[in-house]
Amino acid sequence: MSTDSYKRGWDKLMEVDGEGGQRVIDSLKEIAPDLGRYIVEFAFGEIYCRDGLNIKQRQLVTIASLTTQGGCEPQLHVHINAALNVGLSAREIIEAITHCIPYTGFPRVLNAVFVAKRVFQERQVEVAG
Amino acid sequence: MSTDSYKRGWDKLMEVDGEGGQRVIDSLKEIAPDLGRYIVEFAFGEIYCRDGLNIKQRQLVTIASLTTQGGCEPQLHVHINAALNVGLSAREIIEAITHCIPYTGFPRVLNAVFVAKRVFQERQVEVAG
Amino acid sequence: MSTDSYKRGWDKLMEVDGEGGQRVIDSLKEIAPDLGRYIVEFAFGEIYCRDGLNIKQRQLVTIASLTTQGGCEPQLHVHINAALNVGLSAREIIEAITHCIPYTGFPRVLNAVFVAKRVFQERQVEVAG
Amino acid sequence: MSTDSYKRGWDKLMEVDGEGGQRVIDSLKEIAPDLGRYIVEFAFGEIYCRDGLNIKQRQLVTIASLTTQGGCEPQLHVHINAALNVGLSAREIIEAITHCIPYTGFPRVLNAVFVAKRVFQERQVEVAG
Amino acid sequence: MSTDSYKRGWDKLMEVDGEGGQRVIDSLKEIAPDLGRYIVEFAFGEIYCRDGLNIKQRQLVTIASLTTQGGCEPQLHVHINAALNVGLSAREIIEAITHCIPYTGFPRVLNAVFVAKRVFQERQVEVAG
Amino acid sequence: MSTDSYKRGWDKLMEVDGEGGQRVIDSLKEIAPDLGRYIVEFAFGEIYCRDGLNIKQRQLVTIASLTTQGGCEPQLHVHINAALNVGLSAREIIEAITHCIPYTGFPRVLNAVFVAKRVFQERQVEVAG
């Protein structure tokens, strides 16, 4: 991968995840810097920069995937923040998580909603009815 | 659950999944009719009829969830058809599946893409670049 | 879904999960009240009220499913309490979790047993040999 | 593990899985005979021979675990047969699978029900209402 | 990502997966060519080209990961072939899969062993005792 | 299983997991002593004592399996310690976890790397470049 995809990825990471994303990359510096680099270059420099879906659609897909995956509460924390950053409403985030009930069951959905609850409290966002 | 949610769910199932959905419900008639009823009343009569996300957004979430869940190729077949039915393009479907790579890895994404390939061939749909 | 299934579900939730179930529903009030409603109406008003298995059998199935699913420790905490509430012994609960080893491996079983350990300590229940 | 647990396990395997279990062990003979031995000695000679749950309860737990695990259709085929062998009714088997909906979602439940459908047809068993 | 990582990745893909890998990339050409490109550039051009583990160690890790993931039988078919290509013995492959029993249970291990059985038959490889 | 496999397993457990393994077995004494016995007799007395892979290879497989399984952070803590105990370097452990990205995605890999980070800090081990 090239310097280009790193720079493009970093800008996208800042746009989408902001501070939460930077914290993840920083926390990898001593232990697994290349893992941080792959997140920047591949996940953000390549996948997130693709055409064909806009950034709000991508963030819906991310939240559905992390909710269903299970055991990804730290990543959900980053990406629910990201969803707000790119303009999804708290309501849309809760709807996306709720929509996963038939596919993955209540427990994973509850786990994701409680992460959302914490993010919304931290950012003092309310879920409009 | 009430007669209302069944009727509302059936209409929604027909709108979204069409023939593929009807086949699933029919195949449950002898063995587990209530399972079919729950899919109609709960998944379609309740979840799919919610406000807050439009039907295209819901179908993106469904595809991301099924791709990530793994081992759900028959359900992906129904819901990739459904995605086309509600107006998502083949390109958007492929993008939603591709977007799951960083979260769930290549194997589940490959499995989902090969289901999409089969659906697009059956319906003679092309993925515009 | 109807008022009927809500009322029936609430009674069943109280019988099975008791206080622990109420806490989950309460914690959803501000953020995702419909998620709480679905748990009451669908999971308890429909599924738990079905004939064909008694409540102890259902709770064995719930514990096996949550143990295998993984990452559902909060839900296991509620449902191991529920298992005691409906009359399963501590021994039967440990046996059901242990029986999952061949299907899901030691790590998920250990995670579930440690939740059971906490519940039994909180309720001062002993596992008879 | 000892000769004892092998013999005890083999008898239990024959009682529970019968012919379907023997076929699995046989199919491992050339490629991984010890894997077959572990299934006999550990899964059947130890786990299935434990006290604290009776054989019907154990088989309910097995079916819930395999349904939730996902991607285990061949093992479900063996163990739904086993469930009938040990005296669970077709209705109880369908109920156990259906009860997993709230915990693991519709797709894994559908996959398991379609395996049950095949087993019931092969054995000409009907699901009494 | 750059032309360099594509070329490096293609050479590595040919070395490791050979024909099986090429077939996967080819099958994506019409439907999702970038998915094929990412497999080449990222999975093979980056991850597989890293120092710190040799190619046999990497292939052991791959097989353990795919066995545990579940529902990845097509990818296991490619990567069990790859394991033989890079010099792991049939015995080592079976051992790696068998070693996963305590962590992921018998069903996923059985599914992986039956894929290995098919590969070994196709290549007329025997498992030395 | 026999006294032999318990003794052999205990010695292997001490060699591989050391204190961390003993703590797990001890914590099961009151609640599920047989679960502890199965870990000793089966996982360590049988699986870990097999020929065909050396102990370092086995530990690579274990780490890949636990990383991919997800939700097994406590078990990863024990087994990353074990990996150091048997002579794998911090670098090799990080590489094994990193190698799982293409198969299981970034979130599970991040979760595992953060466990490794904690273990390395506790043992004051550095990851050589």
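Note that the chains are named A, B, C, D, E and F in the order they appear, and that numbering of residues resets to 1 at the start of each chain.
Quick note on the criterion: contacts are C-beta pairs under 8 Å (C-beta built on N, C-alpha and C of every residue); 3 or more make two chains touch, one makes a residue touch a chain.
Small disclaimer: the values here were computed from a predicted structure and weren't measured.
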item	value
Number of steps on the shortest touching-chain route linking subunit C and subunit D	1
If a chain touches subunit B and subunit F alike, it appears here	A, C, D, E
B-F, C-D or D-F - pair sharing over half of the A-E contact pairs	D-F
Most remote chain, CA-based centroid, reference being subunit A	D
Label of the chain whose CA centroid is most distant from the centroid of subunit F	B
Homomeric contact subunit A-subunit B: same or different residue positions, threshold half	same
C-alpha-based rotation, subunit A on subunit C, 0 to 180 degrees, nearest 5	120
Separation of subunit C from subunit E, taking each centre as the mean of its C-alpha atoms, in whole Å	39
Between subunit F and subunit A, distance of the C-alpha-averaged centres to the nearest whole Å	30
Interface hub residues of subunit B, defined as touching at least two other chains	34, 38-39, 42-43, 50, 66, 69-72, 75, 94, 98, 101-107
Chain contact graph, described as a line, ring, star, complete graph or other shape	complete
Interface residues, subunit E side, partner subunit B - complex	24, 27-28, 30-32, 34-35, 38-39, 43, 66, 69-72, 74-75
In the complex, subunit A residues that touch subunit D	101-107
Footprint of subunit F on subunit E - complex, ascending	39, 42-43, 47, 50, 52-53, 57-58, 60-69, 72, 75, 91-92, 94-96, 98-104
Subunit C contact footprint on subunit B (complex, rising order)	1-2, 4-5, 34, 38, 41-42, 45-46, 50
Touch list for subunit E against partner subunit D, complex	70-71, 94, 97-98, 101, 105-111, 113-114, 116-117, 120, 127
